[in-house]
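Chain nomenclature is as follows: A, B, C and D, assigned in order of appearance, with residue numbering initiated at 1 for each chain independently.
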Amino acid sequence: MVAPNYELIAQDGLETSLLEVSMGPHHPSTHGVFRMDVKLDGETVVDLKPVFGYLHRNHEKLAENMSYLANMPFTDRLDYFNSMTNNWAYALAAEGLVEIEVPERAEYLRVIMAELTRLVNHVSLVGFFVNDLGALGTPLMYAFREREKILDLFEEASGARMMCNYFRFGGLRCDVPAGWLDRAREVVDQFPEFLDEYEKLLCENEIILSRTQGIGTLSRELAINAGITGPMLRASGVAYDLRKVDAYGIYDRFQFRVPYGEVGDCYDRFMVRMLEMRESVQILRQALDGIPEGEIMGKAPRVFKPKPAEVYGRVEGPKGELGFYLIADGTPKPYRYRVRPPSLINLTVLRDMCLGQKIADAVVILGSIDIVLGEVDR
Amino acid sequence: MSELSHEPLLKEFPDACWDEAAGAVIVPEGRARVMAEWLLMQGVDYCSNVTGVDYLEAEVKEKITNDAGEEETVTRTEPGRIDVVYHLYSMRDQTGPLVLKQRTGRENAQAESLTPVWRSCELQEREVFDLFGVDFKGHPDQRRILMWDEYEEHPMRKDYTEPFDYEWEPTPHDEILEKHKKGKVIV
Amino acid sequence: MSFLGGGIFSGMAVTLRNFVGSYFDPDRLTTNDYSWRPEGQLPQSAGEYPREEGEQLSDTTTVTNYSRNFPMLLHDGGDNPMDAIRCVACQICERECPPQCIYIEKDYDENGKFIKRPAVFDIDISVCMGCQICVEVCPFDSIVMNSQFELSTPNRFDGLLLHRGDLLKSNDYYHRIHPEEAKARDQRMAVEKAAKEAKKKAAAEAAKKKAEEKARAEAEAKAQEETGDKEEEAQ
Amino acid sequence: MSFELVVAILIATVPLLAIFPSLFALTTWLERKALARIQNRRGPNKVGVPCTRIGLFGLGQPAADGIKMLFKEDIVPKGADRLFHLLAPILALIPAMLVLCFLPLDFSFLAVWDESVAKDIKAVQGFALDGAVIFFFAITGINTLSVFMAGWASRNKYSLLGGMRAIAQMISYEIPLVLSAVVVVMMVGSLNAKEIADAQVGWNWFVFTPWGLAAFIIFFIAALAETNRSPFDLPEAESELIAGYFTEYSGFKFALFFLGEYISMFAISGLAAVLFLGGGEGPGVAGYPWLAVVWFLAKIFSLIFVMIWLRGTLPRLRVDQLMAFAWKFLLPLSILNILVAGFAHFIPQGNVVAKVAVWMVSLGILYAAAKGLNGLSRAEVKPREYKYAQ
């Protein structure tokens, strides 16, 4: 909590003072309208204060004035990179309120969509991260080239590329069109080739290695205590993955491994994401092999009007644990609707990681946390 | 994931009570910090979610059996309150969730901050302070987080009314809103 | 710091391969060039951009068969689309619309009697977010998603408020832009209609049967009465 | 001053002033196109002949950019030092243009009608100056001042940080840059650019010697830093300092900065070509003197392409790493290279075996030194192995 006792250089006849820089809300590498009030001694960060709220639209209040179903499209807009997993988390929570059996095919499609989303998120995150390191967008453009193929799949299935609004309580909105699974398989089969190229470009580059190793180290204890989740937690050495722990949906049917780091610096966070993409490809292959024919929508009530209850549903989103806390009071609107945003809570430790580093590293550390301001501010 | 039982907690703290309907442990006033520290010792190391829930003053009708043995319906006024809800998990044992609720009145809402125990509460308790107006005792850095510092109200409270919109401009959408206000039902 | 290692050179090899590859392998290119392709090679005749001033919104501007943009209203052919409009102004979509961008008024004839169609059906596309909830809740399959995207207009208030006339599209148009979805929807509607008619028929038969039974019972009762009378008379 | 002399001066200077600014336009196009293709984009391809749909591969883009820059509003921040804010881009351009005259571009072939004019041209051209190389370094040093003026006068914290970084960086990298050039000067025994180029006639380019190769690599790296090119573009680091020292510049002042930057890129690539790549030397030069200009420009452009390629591949260094790299790695290595060059010069290289031996030994010494310095100057970084939980 307390800043390390940073002695200013104050020798005889030489007085220096701190330089306060307000980075943001409009800054190329704050990933949106986010502000960091940074105090610098030369180039070294002495103090850092994150400032939130520029994108606040009180999503939770909106949801409390809206029916359960009508709120589904708004969950897309939380973390606009991963609308599918956001939808799933909300659907999972709402299915806890009313017992609905989700059909087999829908469960498989949910896994496929969620893992494709994870690929989209991680691949573009790595691009943005290397951009923050100062590359001129080359890795980002390669990432977007692959992301485009997956977004095309999303568009075919749901009609929209990013704001998919595809999941429903008890299943999915519509089945995928004919031939979609073959096209998906083609994309998935090509993906490891791209990953090889990407790793060749980035993972052994000396500049990236020396810029990221030992920077922004987050200890295991602090990571757990500060509620860090997702790849960031795993980079700090805790192999805690809700797909394994909760095994929601049908994740217990797939063989996959959870990579984790030991040091917990920016390089670990970057590499854990690279390795997770390979595991996602494994899950996708198994899911595309095993998907059965059948219904995609369970027996959901036409008007969703759950009995009074409280439920907390969470999924392993690409950025961390995405939870939805719902309180139903017997009306068609939720009494209380709460999003547990992984991006916001992962920012808790931003200051701890940045203190004593260079200002260029502060940008890199922020990039490695992987935030989306739509979710931080809600 | 296996369940994290609340029984040991109730045994250790007999004054805490168990709310069956919500599946939550209601924390007695002024004991939250102690309970949290005890839970941390027991391996509940991960506080996932912190939030507030606002309940307005409500008239509750309930059937009771009076002294004469007859059933009658009594209208009782339940005072308004704010719950601060904590969802706790254990990463060590991979168990959870355990739900803690701190109850406080709507006026001068106060609760004990659990940030010294779990750092993950830091930003979320700030958010509850900002949107619900709950004052967290012992929070190291309690400021508004989402609304700006000069803002005075707490938008997530149920009786919050929107201020005059000084950025209003005529759009076709406003006619629609107008129509809804005239008594059209918004589900 | 040093460059003593293969990492930088292998990275440069990757970029060089992409540099050369982008000239030979069109799959590598991230961006698609739509506007400069000769006519006919576009996905489906995308409208000339920019449009002349005052020109109507171009009709078929579809990117793929699956994309959705803003809703439209369906009618079943005919010269006067208002006669065959499917919408009955039930206002379910208006209630369910998350950003509340739909505005419906019911239509009445001169006697003040409600005729089942909307007098006003406006969608404010500056607010609409294309979420497709209205399509799902509509029990009459009358509102579906359009994929027209050339909607830019010089007037940001009225220009972005689509009226009933702008929204009405024929079912053929729907088949043209979303063939698979339209086919599935028509099939489902046919099945539902058949089921409904069967139900109606069954109900009518049941009613008929009931009426017959009633009539027979009445006749029997009458007969009994008559016989009773006769007996009385006989006595 | 005779009429012939005036003509000679004009012929010696006008082509320089005409070629390089127009090459600047071409280079911006080349850079955008090459970067785009590296990133699998198309790059500029729409702007060609105005009012038609003829794209010309986007070659009209630089002209369009220039026109846009001219018409943009010139904004000076409130509280900025207006005079220095105005002077900085001008000061960035002048030394860059000045040093161009030291490139051995011999335009005497243009004066076909009169031998004496051709002789005059040779006499007045800048590279005929005896201290050309020293003059070059002296004048490029002024660039630092313009960067700092821009950073200071903008009254912007990002600009100030950028200016601070620029000074530290440019001063540090000037030393390895000069020391690696010293090797060539030592070998030729002259500071005259023309003589240096002439010493390499007949494929005896200095880059084909062990010390020349090492010096060329050091020179190129230092040149990247001198001209603020990636991966040493810290003064204008986009991801943390927005645009560094020219954050507050817009319109034509911004364009002048750009022009100055690109022209100093030409200048320093030209110097590299003179020192290590034989200047205008190339096949067919003996018969057609104008080919020398073509070859020289071709060498400059291939060096610039490598710069663009690096920019498309590499991320940026950090400030402390950048300084450590200059002082702890490049500087000792370039000093060692001077020693190696001296020894290699005095070993007789009559036969192939001796040549190979000199190559092996010199490169071995340099490589070992580089390896050792590398260990000294930074913590060990290497790819890691990762574990998986089931």
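Just so we're on the same page, a contact is a pair of C-beta atoms (placed from the backbone, for glycine too) under 8 Å apart; a residue touches a chain by one contact, two chains touch by 3 or more.
Keep in mind that what you see is a predicted model, and the values were worked out from it rather than measured.
The interface with the greater count of contacting C-beta pairs, when A-D is set against A-C, is A-D.
Here A is the chain whose Cα centre lies closest to the centre of all protein Cα atoms.
Centroids of subunit A and subunit D (each the mean of its C-alpha atoms) stand 43 Å apart. If you average the Cα atoms of subunit A and of subunit C, the two centres end up 33 Å apart. Inter-chain spacing, taken between the CA centroids of subunit B and subunit D, is 64 Å. Rounded to whole angstrom, the centroid-to-centroid distance between subunit B and subunit C, based on C-alpha atoms, equals 42 Å.
Residue positions of subunit B touching 2 or more other chains, listed in rising order: 186-187. Among all residues of subunit C, those that touch two or more other chains are 1-4, 8, 11, 14-15, 18, 28-30, 96. The multi-chain contact residues of subunit D, meaning those touching 2 or more other chains, are 38-41, 312-314, 317, 321, 378. Residues of subunit A that touch subunit C in their complex: 66-67, 69-74, 76, 138, 141-142, 144-145, 148, 152, 155-157, 159-161, 163, 165, 173, 177-178, 197, 200-210.
On the side of subunit D, the complex with subunit A involves touching residues 35, 38-41, 157-158, 161, 230-231, 233, 237-240, 242, 311-321, 378-379, 381-384, 386-390.
Residues of subunit D touching subunit C in their complex: 34, 37-42, 45-46, 53, 55, 221, 309-310, 312-314, 317, 321-322, 324-325, 329, 370-371, 373-374, 377-378. Across the complex, subunit C meets subunit D through its residues 1-4, 8, 11-12, 14-16, 18-19, 21-23, 28-31, 33, 36.
Contacts from subunit C toward subunit A in the complex involve residues 1-8, 10-11, 13-15, 18, 28-30, 64, 66-68, 96-98, 129-133, 136-137, 145, 180.
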